[in-house]
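Two complexes follow with chain A in common, the first pairing it with chain B and the second with chain C.
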Partner chain A sequence: MEDANFIVKFLDWLMTFDRKALILAASAIGAGMAMIAGIGPGIGQGYAAGKGAEAVSINPKASKQATLVMLLGAAVAETSGILALVVSLILLFGNPIVTQEGAVIILVASALGAGISMIAGIGPGIGQGYAAGKGTEATGRRPEYQSNIIRAMFLGQAVAQTTGIYALIISLVLMFANPLVKLL
Partner chain B sequence: MLGYTWDIQVKIVKYTLIIMILIAAAAFMSFQEPRPFIYALIFGTLISILNFRNLALTLEKAVTMNPGHAQVYTSSKYFIRFFINAVVIFVCIKANYLNVLGAVLGLFTIKFVIIGTNLFTILFSKRIFKRKEEE
Partner chain C sequence: MEPITGKALILACSAIGAGLAMIAGIGPGIGQGYAAGKGAEGVGRQPEAQGDIVRTMLLGAAVAETTGIYGLIIALILLFANPLVGLL
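Take a look at the complex of A and B:
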């Protein structure tokens, strides 16, 4: 029965590789996974810019205020992308997992998990971009309330960023202070 | 032409440079070998300022386009800035004379300044307790 089990066969095959090679391979996949988060701010900023263009076309007199709100909102929306970059590049060029002691399968899974965790960055990226877009739209309609709109927008964006920071914390814990290795 | 968000850009860059100097001074006093951290901090901060300027130019142009084109144009420019950030972090990880933590802090300083200058004033302002009708 065990011979027919694909998962057991796959794990046996994995264990034929060198320990370091396995961790590096997992890190490569993890680094690639982390970069998926880069999509989020791209979509978010694009949405904000689209809304900005709409707002200016509806109310050209408010173009200055609308662009200002969009600039500030879009700048904050980039944050998750940079966080993902940091994790991805640490996995590629400053990998702390290779030198760690412990069961190889846990270290491999941790390297993968550190990367996969950062996919959460898509959420804040899109959400903050959406907030920036709506803030810009609102400013286009009611430019006299610009400062209130900016505050509401940043409050929303700061809250939206928290999930991205949680993802970063889990990713850094898996890389630098892995609690799972000690449990075995 | 400086663009109509020039004033806010100058204000944010000014605050960012002040925060950078404060962090650099703190690092100078607390680290035994502060130079890699400070160099990386300056490098990261300057690149983030240039990225912010690029974002401003991009958005000022995007608002003159139709919404569909503006989305594509802004997203493509975002990926260029994303690549520039990747190069900065890569260089700081590879180079021994630059501390990656300093660079990451430098890249984020401008975000903290943007949120800080706009959001945290709300905490010190009594205006939020006022009703709209009273204004």
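Take a look at the complex of A and C:
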């Protein structure tokens, strides 16, 4: 194997480790990867906060209504961050992969994949935050239509959440019901 | 070179994971910056409503901060209370 390329050498090197060590190491990286999803809610809620400040400045009398819509919308935008946190905590404290049977390389890659999958949470976080911001803006302009605005905002946010849920499903499948191990 | 043990590999990967977790800081940074900009814009438009504007802005920015704190918690767990080494 003198002319083996870098990847083959790297995989050979990895295989010199204990299988548990490899899976736990991959879980550590996966837990970190999952938290990258926090970018989304951060941007989205910040946008909502900005629109809240803008709405209050345009119509200070509607301050309470606009703030309520901002907080409701931001709470929905938070969900993908929480889902990523849950996956990360599962990998750290309730690791289901380390006790599984099967080829170690598949389990290692599954731990990484479970974390990478959750990065999708960026999208719903930004999108729902944008919806929260626009809802806040509209409430500041027409406080009397607050309930209609909230209804439309929640409906749109629910649709925006779907891709985040898909990512969560893939992540949970990779962790708890891995179909790949049986295929080998 | 001394051989790398399994424990060393887990700890090395924990360092990488802790760094990756902190990438989440991008989001709150962008979002809160936008909020601060809009807050300044709002105070410029309605200086008499400054108290209300700043309150709403800070409330929203505090919510935007949460995911950054989650990332920090995971990073700190990986660094100082690593649960994975104990599983080996």
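One rule holds for everything that comes next: the second predicted complex is superposed on the first by the 181 of 184 C-alpha atoms of A that agree within 3 Å, B and C clash if a C-alpha of one lies under 4 Å from a C-alpha of the other, contacts with A are read in each partner's own complex, and residues count from 1 in each chain.
By our rule, contacts are C-beta pairs under 8 Å (C-beta built on N, C-alpha and C of every residue); 3 or more make two chains touch, one makes a residue touch a chain.
What you see is a predicted model; the values in this text were computed from it and never measured.
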{"item": "Combined model on chain A: chain C and chain B, fit or clash", "value": "clash"}
{"item": "Which superposed partner A:76 touches (first chain B, second chain C, both, neither)", "value": "first"}
{"item": "Which of chain B and chain C A:18 touches, first, second, both or neither", "value": "second"}
{"item": "Which superposed partner A:36 touches (first chain B, second chain C, both, neither)", "value": "second"}
{"item": "Touching partner for A:68 - first (chain B), second (chain C), both, neither", "value": "first"}
{"item": "Chain touching more of chain A, residue-wise (chain B, chain C)", "value": "C"}
{"item": "Partner chain in contact with A:56 - chain B first, chain C second, else both or neither", "value": "both"}
{"item": "Partner chain(s) touched by A:95 [first = chain B, second = chain C, both, neither]", "value": "second"}
{"item": "Which of chain B and chain C A:155 touches, first, second, both or neither", "value": "first"}
{"item": "Partner chain(s) touched by A:47 [first = chain B, second = chain C, both, neither]", "value": "both"}
{"item": "Touched partner set for A:26, first chain B, second chain C, both or neither", "value": "second"}
{"item": "Common interface residues of chain A - those touching chain B in one complex and chain C in the other", "value": "38, 41-43, 45-57, 63, 66-67, 70-71, 74-75, 78, 81-82, 85, 89, 93"}
{"item": "Residues of chain A that touch chain B when the two form their complex", "value": "38, 41-43, 45-57, 63-64, 66-68, 70-72, 74-76, 78-79, 81-82, 85-86, 89-90, 93-94, 150-151, 154-155, 157-158"}
{"item": "Chain C-facing residues of chain A, complex", "value": "16-18, 20-22, 24-33, 35-58, 60, 63, 66-67, 70-71, 74-75, 78, 81-82, 84-85, 88-89, 92-93, 95, 98, 122, 125, 129"}
{"item": "Residues of chain B defined as touching chain A within the complex", "value": "4-5, 8-9, 51-52, 55-56, 58-60, 62-75, 78-79, 81-82, 85-86, 89-90, 93-94, 100, 104, 107-108, 110-111, 114-115, 118-119, 121-122"}
{"item": "Of all residues in chain C, those that touch chain A in their complex", "value": "3-7, 9-10, 12-14, 16-39, 41-43, 45-46, 48-49, 52-57, 59-61, 63-68, 70-71, 73-75, 77-78, 82-85, 87-88"}
